[in-house]
Every structure is written in C-alpha cells, then in structure tokens.
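Both complexes shown next keep subunit A, but they swap its partner, so subunit B is in the first and subunit C is in the second.
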Partner chain A sequence: MWVFVAPALLLYAVFLLGPTAASVWVSLHAWDGIGEMRFKGAGNYTLLLRDEVFLKAFGNTLVLLVGGGVVVFTLSFALTMALRDMPGKRTVRSVLFFPNIVAPVVLSVLWGFLFQTDGLVNSGLAGVGVDDPPNWLGDHLFGLIFAGLVWMNTGFYVTILMAGVDRIPRYFYEDCALNGATAFQRLRHLTLPLTWDVVATSAVIWTVSSLKIFEFIYAFGGTANDLPPPDVWNSALFIFGKTFGGRVPQYAFGYASASAVATLLLIVVFVLLLRRVTRRERVQF
Partner chain B sequence: MINSSRTALVGGVALLLLSACGGGPATPDASEAKSFTYWSMWEENEPQAQVLKSALDSFGKESGVQVKVEWQGRKVQQKLTPALRGGDVPDLVDQDGNKTWAPLAAAGQTRDLSGVYAAQVPGEGRTVAEVGPGKYQELVTGADGKPYMVPYEVIAFGLFYNGAAHPDIAAKPPVTWEEFTATLDRLKAGGHGPLAVDGDIGDYDAMWLVDLITRELGDGSFLKAASDKSAAAWDDPKVLSALGRAEKLAKGGYFVDGSFGSKFPAVQEKWAAGKADFLLMGTWAPSETQKSAGPAFAYRSFPFPSVGGAQSVRTSLIGFGIPKRAAHPELAEKFIAYFMKKDVLSGISAKALNITPRPDIAAPEPVADLAKALSTMPTAPWFDGADGLPNYSVEVFSPVATKLLSGKVAAADAVKELKDLQVKYWAKQG
Partner chain C sequence: MIRRIGLSGVWLAVAFNLFTLAWIVSTSLRPHREIFAIPWGLPFRPMWENFAEAWSSGNFGGAALNTILLVGPSSIVIVALSAPAAYMLSRTKGRAPSALTVLFAMGIGIPTQVVIIPLFVLMQSLSLVNSLAGLFVLYVAVSLPFTVFLLTGFFGSLPDEIEEAAALDGASVLRTFWQIMLPLARSGLITALVLNAIGLWNETFLALVFLQSTDKQTLPLALLGFLSKQQYAGADYGGLFAGVVILVLPMLAVYVWLGRRIIEGLTLGAGK
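Showing the complex of A and B:
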C-alpha cells in the first residue's frame, strides 16, 4: 500500500515538511544567509516579544484574521440571502467574484487612484459638497487596506456559500414563508444548519489565506523599492522586511524564521479552535 | 519570501550534487582562464546594458577574454546571496553601492579592489583612481579600510526645477537656506505649494530631514546620531533647530496639495506638469518625469542649500564589485580598468544619460548642474551612510520624518518620538 503513497509523501516531505523543520532550526540561530549560523537558542523568540514592530504586525494580522473574517462572512451571508431569490443572480455573482481573479497588485493601483488626494473618491465628495475630505492614504492607510481586502474576498465566499445554499430545497424556504419566519430566523434555523459544513470549510480557508496576505499591502502601501510604513505591516510583510525587503535588505533569516514559526503556530491554534468550535453533525437532507 | 529562499537553497544543493557527478574539482587550464562570468544588474534592453554589451565585445576583441554575461536585472542580489552560500559564484557583479556591496563587504564576501584603483587605464597613462573614481573611493570603503566597489555611474541628489519657467532661479540659484526660503515665499504667493514630495515613500520624506540635519551639524553627524544606542545625540539643540525648519515648511503649506495623500509618482508628475516648483530627488528624476514634463521643460538643479556652513553633494554610486570566492578575479579587474577608458565610459553619459565618475566626460544636459557641483564640492553619501543600518530608515527615521513633514507632529515631539524609537531599535539589534 505504502508504495502508492510514497511519491506524494516524498514530495510533501521534501517541499513542505523539510523546509518547515528547517525554518524551526534556523529560527534558533542568527543567520545572514551567507556566513555560518550562530546558535541563539530561544533568543529570537524573546526578542520578538519585545519588538514593537513585530507586535504591531502580529496585531494587524489578528485584526485581518478575526475582524476581516467577521466582516467578510457577515457581508457574504447578507449578500447570499439577498441574492438567493434575485433575478439575474448569476451575473451579480460574477461581478462580485471579479476582484478575486484580478491580481492584487492591479487592484492596489486602482485603489490608490480612487483614494489619493486628487482621486475619484475625493472628486465625488467635492461634487456633493464636502470641502475638506479626509486624507485617505495619509491618515487611514490600514483602514483602506482592510476595506480593500474585504472587498476582494467577499465575492469568493459569496460564491462558495451560494453553492451551499443552492443545494437547499426550495420548499424549506416556502415553509418558512408560510410560517411567517423572519429573515434572521430563516438564517438561524434553516440556512446555517444546512450549510454548516460549507461554512466551516470556508472559515478554515479564510484563516489560512488571511495569514498569507502580502501583495495587496505591499503594493498599496509601498513601491517597487520601498516597504510600506511599519504600522500597516502584517506578519508576512514583517518576514519580508527582515529578509529581502527595503532598499538595503536585512537578511536576518534567523529572526524572520522565528516570526514565521510564530505565525505558523498561530495558524495551527486557530485552525484547531475553528475545527473544534464548528464541529457538529452534518444534517442530511 | 522565506519559501523562495528555501527553493533557492534546494536548487543550490541540487546544483552542487550535479556538479559533483561531473568528476573531480575542475582545475582551470589556460583556455578556461580566458573567460569570466558577469552578472549584471541591468536587463538586456536597458541603455546601460547596451553600453556594457558593446564594451564587453570590444574588450573581448582586444584582450581575447570571453565574458559570459547574464542580464539578471535588479534581482541580481537575491540570486547572489544563495550563490555565495554555495555554488557557482560570478566573477563580476554590478549593483548599487550601499544596497549590495556594503552588506556583503561587512560580511567579508567582497574582494579588496585597491589593485583596480591603482591599475592603469589602458592607453591613458593614468590610474583608475586618477581618472575620476578616486574621488568616490572613500564612499565605497569598508570597515577594514579596503574599497569593495569601483563606480561607473554617479547619482547625485539635489533640488530640481524647470529652468524654462524660472529663468531668474536659473540665473542665480539659491545657495543658503535663507535665499531658498525667500524664493519659496515668493512662489507660494503665486497660490500653490512650491515643493513636491511623494510623501508615501518614507525615504523621500527622510531625505529632507537628513539634509537639514547634516547641513546644520555637518556631514556624518546623522550617521553618528543614528548609531547612538542611547539616542542622546538627538538632544543637541541644533537638531531641534534643523527639524524646526522642516516644521515651518510643513505648517506653512509649502508642500503642494496631495504630497502626503497620494501614490508615488503622482506628486512628482504634478511637479513635472508645473503645479509645483521644486523636487528634491536623485539624478534619475529627469528620466522618470520626462513624459509628463514635455519638451519645453528645461531640467535644472542645485544642491541642497547650506545652513550656516558649507554645501556638499549627496551621492549614491553604481559600480562593479568582485565576490571574494570568484574564480577569475584578475580578468574581471582587467575589464573594470578597461571600462574606465574615456571613450568606453562616455556611453554611460551619452547613451544611458547618467553622470560618470570621470569629470572629463560631459554630463547629459538635464543633470549637468549637479555634475558640475560634483566637480567642485565635497561628496556625502546618500542617507549620510545610515542606510547601512538594517531597517533603521523604515522602522525608526522615516515614520517620524513623514509625520513631521506632513505637519502631524511638531519638531520637539518628533525628537522625542525619534529618540524613543531609536532606543527600542538598538535594544533589539545584536
């Protein structure tokens, strides 16, 4: 039997397990990628706990993971409910999905044009009589990044959730209508229980993908040469900033590995928690 | 990104294994020693690459040395680092001085190029140092006192403006800060902010402050203050005075609208379109803004004004270096000396439109003012050399610079914040 598993297992070991183990090993050292590694023990980790730049980046990662997750899923459910009976829902769904197939770098350019001082948003605001519009990019950069990521991802989860909702037989909803159920009751007692497995899987996908967010923040907040300001970094940007990023790259591979391992632990804990919280019997229908 | 370095490492190991299969260590015989490998920071279609290519060809014909060139582009450094760890090292590499060579020199990975500086430029009867690069040698010397790079392109920094729109400034450019601010006041009365900065690039904001600080305290003072683990150097009252000048610019509305709320290059485009007057930038500014500036735009420039003392020209260098483990360093050195020949190097000015380290090669028109300043004034390194402190600009200085220049904090608070960030920065290094 194991012979059949061997090729996949080998590739998995070489390209995933091996490098992960190597990261853990490197994270215990100081290493510039060229010279000899110098053993530091847990030094990198204790440093991470005191590094305000890392803590801020880690906090931003959590904000995107939890806050972004709540907003994305709330919006996705609301849109799914609104779209369920709408004529032309396929078209709307495609439109919503669109940001997901465009490269994040392109979207970040568009987002920049929209929100810069002479951009479309401020022109629009001026048109309706707002004389002193906010300095979007200067004062609300992280907020815009948050909003941009929500906008990009919502379409994806709407599509997945709708696939689940479409499987629910119409007569359940007709029954709800006959019994006078409110929209919330319909969601709580019908839609959610019958799409629970889809929701649980989506939540795990969001967790993993939100921790890998990189291009949008980098392209939106920085340039080809320059890192974005550190207060909008997430863990992925932090790792980049400590290795290859910036005009003079730092090549702190040991320290960067430590932050990568810390982020990996965060993913593991979150996925385990999510699996635990979302575990319930699948409803057959 | 960790992943890509891993892939590179795995690839490097695979290469090593493959080459191990090919038999014992290759001993370079006479025919092999007639060639070397060059990794270039340019892409093949860039003008610099064209200049280098024709130089490599003529060098090959004259010396019989074959050069295996790979046009790597700006990612050359990402490829060089794993190669230095293990694998085939190129014999010659070019890159931005501080970005590539300074960290590699600090890691002991670069060859001492004193020999090249002392070598004769073929057919000219003068050494490489004497024809021009000597002036910059100090800027590319490591802590061990040995030069690790020979520059062939000099980037200078200064304030650019449109000479056609401002003939009065072109006739008598401001030299002191007082003259400069008087000009600014006059232009501001015209109804727009005269200064342009793409404030979303932290380093562009920082440039203003680095210049203000070093003009007040002297070149090298910024690097010294930044390297101070206690950050007490920032308590010097002159620092507050320098930052106070920046605060005045910020609060006085001297920066054109959108300077701190746009995406690069929106503001420099605005400047090129004539909606602002001055842009503090490197000599790449003309080529970056040419399209929006139009043919009537006459690029003129002057070094950052003096504050009670002397002026200097801030520079950054692009040039050749040789990795320590290179197999054919002598051949690479021979090519560097050859490339410094007047007729060869002049392509960098004539075709690639950049300043060369040789004062006897006329600089291209749009950057001629700064080239002239280079020949008469002392040079100071970009960012006062503090860009070599890993992430110092990104994590400590630029955030404060952006806040101060955009008017979000006052000078005194900026000093406090700077000290606080710097103490924390140094506490976690080492």
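Showing the complex of A and C:
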C-alpha cells in the first residue's frame, strides 16, 4: 500500500503540511527571511490586534465569507429553482459556470473596465440620462469587488445545487403544486431537506474558497507591482502586502506569518462550526 | 410571479455572461482610440495587429510557451501521482487509509498564502526561486490534495467485483491497478487532468511570488505586466484585450469541448 501512497504523501508533507507548521513557528519570531530569527512569543499577534490595516483586512475577509456567502447562496438557490424544469437548463448552466474557467485576473480587468470613469456602465448610464454617475472605482471599490466575486462564484454553486435538486423525484414537486404550497414552503419543506448534504458541502467549499480569494482583488492595483488600496485588502492581500508585494517589499515574515495563522484558524473554526450546525440525519428518498 | 422574476434573473445572468464574452472578443479587434471613445462599438475593420502587438511586444508569445510547458507536464504528473494514492486509499480498509484520506482532504483547506513564506524560504534554499522547474514542483505539490480527494471518490464508485475477480485469478496488486482499474477509471483521470490544467493555466499567486524575470512569465503575469506597461507607454486597450483573448480562448475551447465532463467531475467531488 505504501508504495502507492508514498510519493503523493511525501510531496504533500514537504510542500504543504511542513510549511503550515513552519508558519506557526515563524509567527512567533521577528524575521526578514535573511538575518537571524528573533523570538517574540505572542508579540506579533498582539501587534496585529492593534494594526488597523490588518483589522480592516480581516473584517473584509469576514464580510466576503459571511456576507458574500449569504448573497451567493441566495442567488444560487433562486436561480436553481427557476431553472429546475426549464428546457435547455444544461446550456444555461454551462453559460453561468463559464466565469469559473477564466483567470480571475482577467475577470478583474474586465470588471474594472466595465466600471471605470468612461467605461461601459457609465456610458450606458449616460445613455439613459444619468448625468452624474458614481465614481465606482474610487468611492465604491470594495462594493464593486464584492459584486464581482458574487458574479464569478454564483455559477459554480448553481451547478452543484442543481446536481442535488436533480436527484429529487418530480412527483414531489407535483404533489406540492396540487396541495397549493407556496414557493417558500416548497423550498423549506422539500428542496432544502432533500439537498441538505449538498448544501452543507457547498458551505464548506465556499468557506475555503472565499479565504483563497486573491487575484481578483489584487489586479485592481492596476499593475504588476502596485497593490490596491489597503481598505479593500483581505487577509491574503495583507500577507502578500507585508512580504513580497508592492514596489518596496517589506519582507516582514514573522508578522505576516501571524496573520497567516489567523487566517488558518478562521478556516478551522468556520469549518468545524459549519459541520456542527449542518449536521443532521440524512433524509432517505 | 416569483417564477417570472426568477426566470428573468436567469436570462439576465446568461445575457450578461454572453455579452461579456462577445465584448472581449470584439474589443480585442478594435483600435485603441475607438474603444476609448465608444466602448460599445463593434469592430468594422478587424485590427489583427492588436494580436501581433500583444504577442510580441506584450510578451504574450513567450508567456504562452512558458504556460504550456508548465501546465502540460504538471497536470500529467499530478494525475500520475494522485491516481495510485487514491486507488489505495479507496480500496484498502482500515484505520491508516481512512486517516490518510482525511489528511489529504484537509490539504484542500490550506490556502497557498498561508504557506507562502515557508515555501519561499524552502525554495530559496533549493535555489528554485525564479525557475519554471521550481514552480512546476510547487504546482504539483499544491494540487495533490484536491486531486487525490477527487479520484478517491471516483475509484470508490467503481464496483468491487472486478477487482475481486482479478485477485482470484492471481493478478498482483500492481497489475490489477495498471491493467484493470486504471482503464476503468479513465474518464475520472481525464476529468482530473482537465480540471488541474484549467486551474494551473489561470494560476497567478504562486507565479507572482516565484517568477521574477520577464522571460519566465506565465500568461496571467504577462497580462499584469501589460497593464503596468500601459502606465508609462500609453494605454492600448485593443492590445490589452487581445492579450485577454490569448489567455481566455484556449480554456474556452477546452470548456466547449469537455464542459459536461468538467461540470460532472466537479459535482461528483462536491457531492460527497
């Protein structure tokens, strides 16, 4: 057995598990990656708690995780239900899924283009008589990023939820229609309970993938070297900004590692919490 | 009523995605000044020069080559390493295999930015920073957890009887795997290969940290580089969108060709 598993396990251990443990170790030190490591204990962590840039970035991460999650799942459910017995739904699904195969950098460039001062959206608004369109990229950048991420991700969850909904026999829905159930009752008493395991898995996937978001926000910096303004950073941008990113990289390895560990803790706590909250008897049908 | 709203939402989203795609392609064929003046316009005289511009002076040509050389071999190696591991994990009963399955699944939850600092130090000590070979190793390693997870589910869904028959006939484990199980799992392997290829083709974070010189750039880096160049050399939206098309079109072709398989593979992985 070991011959089969060893190569994969070895690479996984050396390049992912080991570095994860090393991150925790580095986070307890002051280090620029070249000189001597100096032990600081929890010093980096107490500094983080007083760092407004970090708190903002962590807050943004939570907004994307929780707020983004609620919006993405509401939309995905609405679209899945609307699509349920529509002809050609597979084609529609493929089109909705499409942003998932495009590089997030491209989506980011495109999104910025749509909303820039003379971009498509504002010239469209001017066409319908709006004289004073908002300065999207200047004043509403985070909202814009939020909306863009919702757009990119919804197709993925529609696809997954649809796979769950397709397993529910049609006659259950016919029964609902005969008994005059409202759309909400149908969702609450039929669709949700019978797709619960799919919903629970999707929630875990969203948690993990929302914390991995990086490129879409990063490309709003506009160039290969410039970072976007710190008030739209999430924790991934924070780590990059404190180490390799920007025109004058800071190489604050210890400090950035502390924020990396905080990110990891956030994932662990959320996944455990989600598994607890969503645990229930699977309905057989 | 609710249904009407839902359906119009669906059509709105579909229209938006299709429009975006059409707009990218159309804009990549228009001259900069026209795009700037009328963003909604159409290419009446297609400007193929935009592509030549992006390909040579935008470095997309070299970047495309680097990306292909990186993505092709790494996707193949990922599947070649994951398949035997997944096969064993799905077929052996006991505490160790199930603990290992969980261990691999946990790896999916480790974001790259969390391990980037130790990885950088490690790669530096191996002199593998700013090297395509180094990035290749990283691409393989970070893709293993998801691929092992996906393929474990896939091997688990194959019937036990065939394997038992092979064992009764005296076939060795290696032979059963190589001659019987692998061919059976072919569609799962192809799905894993395609999913990894798409993901790595678009990968930006590791490339950004580990590749520094322009001649080693991958396509997403070339796009970012093109953006920065516009800051001092003047904007060229036509060339920019030609670069976007070079980056997107190959994946779009793969998607049109193998889309259903990609989607089914993902939902199989997620449905567990």
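Everything that follows uses one rule, which is that the second predicted complex is superposed on the first by the 271 of 285 C-alpha atoms of A that agree within 3 Å, B and C clash if a C-alpha of one lies under 4 Å from a C-alpha of the other, contacts with A are read in each partner's own complex, and residues count from 1 in each chain.
Heads up, the rule we're going with is that a contact is a pair of C-beta atoms (placed from the backbone, for glycine too) under 8 Å apart; a residue touches a chain by one contact, two chains touch by 3 or more.
The model shown is predicted, which means the values in this text are computed figures rather than measured ones.
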Touched partner set for A:L137, first subunit B, second subunit C, both or neither: first
Subunit B versus subunit C as contact partner of A:L120, first or second or both or neither: second
Which superposed partner A:Q250 touches (first subunit B, second subunit C, both, neither): first
Subunit B versus subunit C as contact partner of A:E215, first or second or both or neither: second
Between subunit B and subunit C, more extensive residue contact with subunit A: C
Which superposed partner A:V95 touches (first subunit B, second subunit C, both, neither): second
First, second, both or neither for A:V53, with subunit B first and subunit C second: first
Which superposed partner A:M86 touches (first subunit B, second subunit C, both, neither): second
Subunit B versus subunit C as contact partner of A:Y171, first or second or both or neither: neither
Touching partner for A:A260 - first (subunit B), second (subunit C), both, neither: both
Subunit A residues contacted in one complex by subunit B, in the other by subunit C: 14, 19, 22-23, 33, 109, 118, 223, 226, 239-240, 243-244, 253, 256-257, 260
Contact set on subunit A toward subunit C in their complex: 1, 3-5, 7-9, 11-12, 14-20, 22-23, 26, 33, 75, 78-79, 81-83, 86, 90, 92-99, 101-106, 109-110, 118-120, 123-124, 151, 154-156, 159-160, 163-164, 183, 197-198, 201-202, 205, 208, 211-212, 214-215, 218-219, 222-226, 235-236, 239-240, 243-244, 253, 256-257, 260-261, 263-264, 267-268, 271
Parts of subunit B lying in touch with subunit A, wherever the complex brings them together: 1-3, 5-6, 10, 77-78, 81-82, 84-85, 98-99, 102-104, 107-109, 199-203, 257-258, 260-264, 266, 387-388, 390-391, 393-395, 398-399, 402, 406, 424, 427-428
Sites on subunit A touched by subunit B in the complex: 14, 19, 22-23, 32-35, 47, 50-53, 109, 112-113, 116-118, 135-139, 221, 223, 226-227, 229-231, 239-253, 256-257, 260
In the complex, subunit C residues that touch subunit A: 2-3, 6-7, 9-10, 13-14, 16-18, 20-21, 23-24, 36, 38-40, 81-82, 84-85, 87-89, 92, 97, 100, 104, 107-122, 124, 137-138, 140-142, 144-145, 148, 177, 198, 201-202, 204-205, 208-209, 219-221, 223-225, 227-228, 231, 240, 244, 247-248, 251-252, 254-255, 259-260, 262-263, 266-267, 270-272
